[in-house]
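Note that chain A is present in both complexes that follow, paired respectively with chain B and with chain C.
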Partner chain A sequence: MSPARAAASVPRLALTLAFVLFITLPFVMVLLQAFGAGWFGMRLLPAQWTLRWFGWAIATVDLGQVLVNTIAIALIATVVSLVLAIPAAWTLARHHIPFKSVLITAILLPRMIPEITFALGVAKVFYALHLTNSYLGIALAHVILAAPFAVLVLASAFETMDPRLLEAGQVLGCNTRQLFQRVILPLAMPGLVAAALFSFLASYNDFVLTLLVYGPDTVTLPVQTYLSIGGGYTSVASAISVILLIPSFLFLFGLLRMVRPENLLGGLKGA
Partner chain B sequence: MTPDPIPRLALAHVRKTFGVFVALEDIVLAVPAGMFVSLLGPSGCGKTTLLRLIAGSIVPDSGRVLVDGEDVTAVPTWRRNMGMVFQSFALFPHMTAAENVAFPLEVRREPAAARQQRVREALALVHLERHADAYPRQLSGGQQQRVGLARAIVYRPRILLLDEPLSNLDASLREELRFEIGEVTHRLEITAVYVTHDQREALALSDRIAVMQSGRIVQFGTPEIIHRQPASSFVAGFVGYANAIPVDIEAGSARLRTGEAVLRPADPRGISGPAIAFIHAGDVALRPVAEPGENRLLCRVAALAFMGDHIEYVLEHLPGLRLKAQVRSDSGIFAPGDPVAALLPAGKLVVVPGEGPGRDGPAG
Partner chain C sequence: MRTRRGHATSLHGALGVMPLLAFLAAAFYFPLASTIAGSLHVQAGGAFGFANYGKFLGSHAGLETLALTLLLSLAATVLAVGLSLPLALALRRPFRGKGTILFLMMLPIIIPTLVGALGLLILYDRAGWINFFLVRVLHVLKQPLLVDYTIPGLVIFYLWMFFPYGALVILSGASSIDPALEEAGAVMGARPLLMFRRVLLPLLRPSLLAGAIMIFLQCFGAFSVPLIAGGDHQPIAVRIYTVATVFLDWNGASAMAVVMGVIQCVLVIAYQRMNRAAAGGQQA
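Now for the complex of A and B:
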């Protein structure tokens, strides 16, 4: 690179760095707050490093139970989302149905509009049906958010499936059920894993809907973070936030690499 | 005459349309058990549609599909007990070679012990014992198609369907696998229907060939008959006749429509009027101009290509009428511009009625 061009790229580099800093600084703040103590005044970094806020979190807000609640609800939401999304995605991907684009828009609606606008409606229905403060109820609320993702991911997995493999399965003697279990599901496995992870995260991370339908027995991590902030325990809230971040970060850095389609699915030579 | 035994496969007046497009029209075909039949034709002639219709993936608009005399037109694919080898191999990528071959036995709930034995036998038949645990992506194209063949025969299907199984392979592999398909189907006495657009494959493998054109079977016969006595100029062009000479036949003599020369085919097939005389390039012999005799066209060498064991000549009889000749390279070489007599042996000349190439098929 010529010196002139190198010089020209300096402002671009600076801008990019500033942008990355802008995005990541809040996370840095949360991490410093969660692991630091004596961070007052004009200090750039905390005076001490400590795990005491995690201890406080466990002692004061029953963090273990909150974690169990959150994970249990997320697992239920994931299963329900997949059970609903698999047939819906199959129909959308492989059948000619009228008003397909309208249907897809309807399915995606919960992701397009702010949660708070329909959270109240969900809460009203849930109160009437006594679904609040129960794992199943909160999980069902989360399905509204999780299922659209699952449908989209699975529909694209089903759509890209080689129809000749399905034909081969039938000629070789598969009835409809066998074809689904032995051919379609294994071929769609990368999509299924991705849909399950998306669904799990959508539920695990949800705050707005949960806030309107949770109860004393069903406090989840995001709600607890909010409650701790409200109580003025910012360091405890930061410690909970760090725990809340773990699945997202695992997903982002580790699992994403693991579930690359080509690692799960053999290449189709000549297809 | 003794009545024919019930054929393994019979198609009775099958018709299939896609919208306004007629894909198959009045298909009648009977395949006795153990016979190897090829459906030969250009792309779009309906041969693959016919194969998928036999498999059950496509339902005909009218007509019936019979297997061993039983009407299976309404029987779903998975209960027809047919084997199929695909152009794209269509192996299951999430299963090893052995698992792919075991798959049709598993869905038939074959006991595990018998299953393993038969998978081993099938893999041995296609020489892939050592690759049993390899995934399709770890195998070459030829090996993948061998797995496809083993998977299609391991459960002894009533009919083996092959959909251009060699089209995705390199030329050298293609020949090797062609021999293997012939060997396996012959040894197991499998009834096979083989779809191809390659006349050499069809000629090499088949007991009978059905030549298809625009959704119809235009000729059905042994490879020798198809090769030596094509029923139309379309068939002649499709089975590789390099030379098509427009003629008018009168009393057994074929007068060229270009020029004055007359050819006398051994079998004028009772044709009177416009016809096409076909001859393979390899059947054309070159003679010195001075040598007298029948069925000779005076030509000039327009071009030649040395191909090792043989030479390909392009000869011009008159402007607008060129011939291709393929002669052994040890028989003397003519140079471009040389006058030469092209000898078209009476027994090798095939005449079919018709106006000319381009009218009813891509001849020449």
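Now for the complex of A and C:
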């Protein structure tokens, strides 16, 4: 490396380091708060390390049940989202249909406007249909967000499928079922897995819609985090947050290998 | 590439989108329509009119809410673009560890927003790490700085939460700049500053604009962050929630939600135009 380039890399290194600290410190804080006690009044680290906040979360807010609620709702939402998104994405990717761009906009609109703008209406309608405070109802609310994004991921997977491979399969004598099992499914698998993971995560992490349709039997992790923060139980909220964060970290780790980050922007939004 | 039989234009083929459209019609468009309908009546079953909009857009409190939302969003957007530009220029070439940097950049986007807000609240607390370093370690300050629940604090929180949305757009713009153009500039004897002004900045302008709109969109719609970290400062999303669930003025909240949705749609259309321009600029 030439001296000039070495000199140029010092500010770059400083900038990168500052960026890394800026992003990671809030997570470090949540971890310290969740696993530490006696950490107040200008200290670098907690006085002692403890798991007591997790115990508190289990004893006082029934963390186990909250986790079961969250995962059950997310699984239902994932299945419904895929069932709706797969045929829609296949159609959009591989057929010429009239008013395609209007259709795409109509499907993506739930991801373009802030959740709170339609959450009020969703709460009102779901309440009238007795869908609030039920796994299915909350899962269906999450599908509003998950399915459009699953369509995006799946359509791009289906679009890149080379039609010559399907033709080759037909020429080689595949019947429809064989064609599906041996050609289409393997080609579509990465897209299907990505769409399923994103649907799960969208539901598992959702806060705004859940806040307006949850009930006493269907508290989810994000809602419980909010309730604990509101009650002033920062350490319990941090302990719950640690559990809440695990899927996001795992999925991001896996997904960066499958999808280019810029392509996710259209669909991913926190509120 | 088309198959010989072609993707025939047919309504038969459109059947695949029907289940999803039917679901969205029932669970999204109908509630949306009922929100709009509700916003046009002061009471359920009451007279039709724009009184709710008048109450929101014509009142001091309503305009204050809009002004606060715009102020927070603009300040965070300007800071975020200012932060993203040098970062994108520094990180645009492939290097070891770029994957890790992208991972970190995606984190605020993918995690539940509440958790980020909680971590930020602890970090900037009066007794948190930032104040600990400023007061006890570096001795820059005598008294801890009050950040949490203030407007500047909210701007910092928005910056953390939403700058990655723009930074990824700007980074992808910066990564696609042809190195030959810079080499040409260097051969012509352009110094770094001139190179930046004459070569990099014009090429990056569409991505910068698209990134800025993207960040603004996110800030404008922010709910979880100001809900738990805003204190008395309530931007529009939090205000809608408060008016609906605390004041129980559902139709008044609906009018605010419609105003918010319309502004957001205009911004989304602007973003898509800019993005197309950015993509076109890169191909040219």
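One rule holds for everything that comes next: the second predicted complex is superposed on the first by the 236 of 271 C-alpha atoms of A that agree within 3 Å, B and C clash if a C-alpha of one lies under 4 Å from a C-alpha of the other, contacts with A are read in each partner's own complex, and residues count from 1 in each chain.
To be clear about the criterion, a residue touches a chain if its C-beta (ideal position, glycine included) is under 8 Å from a C-beta of that chain, and two chains touch if they have at least 3 such contacts.
If you're wondering where the values come from, they're calculated on a predicted model, not measured in any experiment.
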Task = Using the superposition on chain A described above, determine whether A:Leu120 touches chain B (first), chain C (second), both, or neither.
result = second
Query = So, A:Pro186: does it touch chain B (first), chain C (second), both, or neither?
reply = first
Ask   = Touching A:Leu165 in the superposition: chain B (first), chain C (second), both, neither?
value = first
Task = Using the superposition described at the top, determine whether chain B or chain C touches more residues of chain A.
result = C
Message = Quick check for you: in the superposed arrangement, does A:Ser101 touch first (chain B), second (chain C), both or neither?
response = neither
Message = Once chain A of both complexes is superposed, is A:Asn175 in touch with chain B (first), chain C (second), both, or neither?
response = first
Inquiry  = From the superposed pair, tell me which chain A residues show up as contacts to chain B and also as contacts to chain C.
reply    = 162, 164, 167, 265, 268-271
Request  = Enumerate the contact residues on chain B facing chain A in the complex.
outcome  = 52, 55-57, 76-84, 86, 88-90, 92-94, 103-104, 106-108, 135-137, 139, 141, 144, 151-152, 155, 161, 168
Ask   = What residues of chain C sit close enough to touch chain A in their complex?
value = 1-4, 7-11, 13-17, 19-21, 23-24, 27-28, 30-35, 38, 86-87, 90-91, 99, 101-116, 118-123, 127-129, 131-132, 135-136, 144, 160-161, 165, 168-169, 172, 214, 218, 220-224, 227-228, 237, 240-241, 244, 250, 253-254, 257-258, 260-261, 264-265, 268
Key: Residue ranges of chain A in contact with chain C within the complex   = 11-12, 15-16, 19-20, 22-30, 32-33, 40-44, 83-85, 87-88, 90-92, 94-98, 103, 106-107, 109-110, 112-118, 120-122, 124-125, 140-141, 143-144, 147, 151, 162-164, 166-167, 201, 205, 207-208, 211, 221-222, 225-226, 229-230, 234, 237-238, 241, 244-245, 248-249, 251-253, 256, 261-262, 264-265, 268-271
Remark   = Residue positions on chain A within touch of chain B in the complex are 162, 164-165, 167-175, 178-179, 182-183, 186-187, 189, 265-271
